[in-house]
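See the structures that follow.
Two complexes are shown next, each including chain A; its partner changes from chain B in the first to chain C in the second.
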Partner chain A sequence: AADPAVISPQDPTLLIGSSLVATCTVSPDFPLKAEDLYWTLNGRRLPAASYAALGPSTLSVALARLNGSRQQSGDNLVCHSRDGGILAGSCLYVGLPPEKPVNITCWSKNMKDLTCKWAPGTEGETFLHTNYTLKYKRRWYGQDNTCQEYHTAGTYSCHIPKDLALFTPYEIWVEASNRLGVAVSDVVMLDILDVVTTDPPSDVHVSRVGDLEDQLSVRWSSPPALKDFLFQAKYQIQYRVEDSSEWKVVDDVGNQTSCRLAGLRPGTVYFVQVRCNPFSIYGSKKAGIWSDWSNPTAASTPRSERVAGGCDPKGGEQNTTLRRELKQFFGWVKKHAYGCSNLGIKLYDQWRVWLQKSHKTRNQV
Partner chain B sequence: MAAADSPSTALRRRDLCSRGIRLAGKMRADVVDLLDAYVEQQGLDASASVAAVEGLPLAAVERWDEQTGAQRLLENLAAYRAFRALLAQMLEEQREQLGEADAGLGHALAAVLLQVSAFAYHLEELLRLESRGVPSEEGDGPPPLPHLSLFEQKLRGLGVLRELAQWAVRSVRDLRQLAKPNPAAGTAPSLAES
Partner chain C sequence: GDSWGIFTFLCAALCNLPALPALNCSEELGAGQSIQQTYDLTRYLEHQLRTLAGTYLNYLGPPFNEPDFNPPRLARAERVPSATVDLDLWRGLTDNARLAANYRAYSRLLCYLRVLDGQVGTAELRHRLAHFCASLQGLVLSIGGVMSSLGYPLPTGPAGPPAPPGAPAAPNDFLKKMDDFWLLKELQTWLWRSAKDFNRLKKKVPPAVVTLRLEARGF
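Now for the complex of A and B:
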């Protein structure tokens, strides 16, 4: 069966701000005239003032200063019969050509693969479906290769899982294309060895240091994947109190696999994470890329117990009592041992005896 | 009157029908969600009238209650095989137009396609149970779908998903009919009678 009507142009692509005149021509097999027709754009009826009858069965519509398409599948420009029936439709693709992709950054997990991410260019929104293709080649020779696994580390990312050579620079770039054009990023050059990262440290354990209230001990294992490579690792620790979002970073851990955190609050739960940066791969002194942080490990610092309502002074309280006694003692010395320069423990003991006697006398009274 | 089924056949039929009813129910729920996402992505009015789509099986049927069990199964099977081809075509068009950009809709389409395939297989199992030959799929595959403009593809997709939702409702009812025990014989009816 013949289509009831035909719209021209069919599925055009236009720059934002363009104008368009579209026509709807009814098939001769259908008894409809131009005055029986109307237009909608994305379901909204277009004003009759924008129509013009170009013939007995052809109605045009003028669209000025088009905005970017509402959906990437195209705006629906539809020619209707008077009763609302759909006679024909055309998808308008209104947008912008792509911008040059920027900020390409790449990293290799354990020197086995390469993942790159990029940003879509300063404006970003093209209103059209824009395809991004990451390409790479060995710098001095080799053919262009195309990355296949997209969106592995966010929308604008791609993962190259294998067949990468070490000790040779690669050229990497991203091509963006849509219905309105193509844009190519700057070329990034890198050697896989310079962008190596690794898994986070494993087996992170956080434990108390005896009864010390302000310390925790952190131990971990180096990532196993890089054991085969001649590399060292440096580590960083970050920790925070349970109910805080502020992390404190310990930067000078070096290449040890244990560390003691000090200056902590007693009786407090801490979350601790560790991350790793491989360096000196095959003797190079270049640092790699920090791994992700390990999953948080929690531990709490001890708090010494105080028995409520207890009569005997304990720990700190004994110190406070002693200090108070000593203050009283020196006051007494000032009063009763005038000119005495040798304050020995015997004198203190005699004062203690005197103190006890005076307490007894007071109680008897 | 056809001979009564053996108890094991009746039990197996009831089991297959129950599972089929659950499959069809889940499929309908997913198709309804897919339809919502589809109209939004395509900028369509969900109630837009769609011209007849070539090769689209219509769920509407007259004198439904007079159908035999065999007719129900065969019509269902033909329908879901057709939907399998139509959905595969929709998926292909989606990928051509939008690549992987709209992975959500693509995934949802693929998931429904999988359910349709599974349901078609389930119907084949029911037909085999009744010792009915499973009709072979015609030729080397479904006839090539006509080339459509982009707007026509959008409308066709709307029509396909709407009709699939209707078929899922009908399939539940068809299977409930099939699963009904035969009041006269005390067992499930044969396909000639149901």
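Now for the complex of A and C:
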């Protein structure tokens, strides 16, 4: 059995702002005439003023200055019979050709793969479905390769998991295409070794430094890939107080896997993160790309056993400094006075107790 | 061995269903539990479909996403066996026929949905469709499991090709949208009907299964 009616053009593609005249011709098997028909566009009835009967069973409609399609599956232009029944439909694809994708940035995890992301040329690319294809080839030789794994780092991204050569420049570009045309981005040239990043450091531990109130010790392990890949690592630490959003960055950590934070507030919880940058890859002097920050680790600085009230602030401060130095001394004694270590500890504890008592009596006045 | 069989039968006859788990008859329990699980799965899919259909119909655009939309089913070959069936016919279905109808329908529906997945535009829709297809695959396997545990053979035949001969792909994009609309509608109707099918099976199966076991033992 034939379809009740035929629309022309069927499923056209049009530029925004263009005009269109569509016709609906009823099949000879159906007893309908031009005056029995009407049109809707996306469910809304079109004004009869835009209709014209082109024959006994053919009705046309004129659409002017079309806007971009309401949905990417196409605008629904439908020819109805008087009672509302659907006779035929046509999907209108109205939009703009794509523009060159821009801002291509790539990075390689441990020199094993390559992930690239880009931005679409314009906002206007949402009316029509736009396909993006990332292509790459080795400069001077080799054929074009197409990236297959999309959306790994956001909508406009692609991941190349293997078969990448080192010590050779690559040409990378993105092609955007939709029903109205194609656009190719500028070519980006890079060597995998120039865009290397690695995993964040693992096993980040933050601990107190004895009883020191203004210091915390941070320790971490270098990312496992480091020993396999002949690069060195430099690290960065950032830390913040629990209820603040301002991070303090420690930049000059170098390639050690521990660091002491100083000048901190006593009795405060701190969040600490560490990240890693692989540099001097195969001996080059260049830096790589910073890894993600490690998951935040929390620790708190000790609070001195001072009774609240502090009516003698200056004296109190002096005592704190003195105590700190004494503690450090006794700590040292504990470590180095082998023969009398037991004696040292006991004496130290007793001294601390005596110190607490004397503080209390002093501040009670 | 024989006395165990009699004991099982008497227990099932005299006790309520919940008492069955007290007996160590894991295979019989398997069918009952599978039917319950299949029922639960159809309800879950029904729920999932509501969200999927909403998103997909919005993608198709008005009038497809309007609540009273009812386009003609144009004279094209029926791709999926319809869920709607005469009430007396439905009541009279044997357990095997009932299960087989469900199995065939969902196998076909799964094929068509998978084709859809390959064509659809937005990433969100593809993601939802993929998730739904995985769940639907689970339902087909679950129904197959019930049939096996009851000793019924799995239906063979055209569960494979997505566009079997006699039902060509839609000739234009608008007709394809209509096909997609009816596919979702048929899926909705089948899930609604399956819940009733499995409810019916739930009540009928356990004693019948025990009888089967006794038959196997030569009683």
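As a convention for this text, the second predicted complex is superposed on the first by the 301 of 365 C-alpha atoms of A that agree within 3 Å, B and C clash if a C-alpha of one lies under 4 Å from a C-alpha of the other, contacts with A are read in each partner's own complex, and residues count from 1 in each chain.
Simple rule for what comes next: contacts are C-beta pairs under 8 Å (C-beta built on N, C-alpha and C of every residue); 3 or more make two chains touch, one makes a residue touch a chain.
Being a predicted model, the structure only gives us computed values, none of them experimental.
Under the stated touch criterion, which partner chain does A:N76 make contact with: chain B (first), chain C (second), both, or neither?
Touch partners of A:N76: chain B and chain C.
Between chain B and chain C, whom does A:G43 touch in the aligned arrangement: first, second, both, or neither?
Both chain B and chain C are touched by A:G43.
Is there a shared patch on chain A that both chain B and chain C touch, and which residues make it up?
Touching chain B and chain C on chain A: residues 10-11, 42-43, 70-76, 78, 85-86, 88-91, 129, 151.
Give every residue of chain A touching chain C within the complex, in rising order.
1, 3-4, 7, 10-11, 40, 42-44, 70-76, 78, 85-86, 88-91, 129, 151, 155
Please give the residue numbers of chain A that touch chain B in the complex, ascending.
It is residues 10-11, 42-43, 70-76, 78, 84-86, 88-91, 129-131, 150-151 of chain A that touch chain B.
Going by the contact rule set out above, which residues of chain B touch chain A in the complex?
40-45, 48-51, 97-103, 149-152, 154-155
Can you check the complex and tell me which residues of chain C touch chain A?
Touch residues, chain C against chain A: 58-64, 66, 71-72, 74-75, 121-123, 172-175, 177-178.
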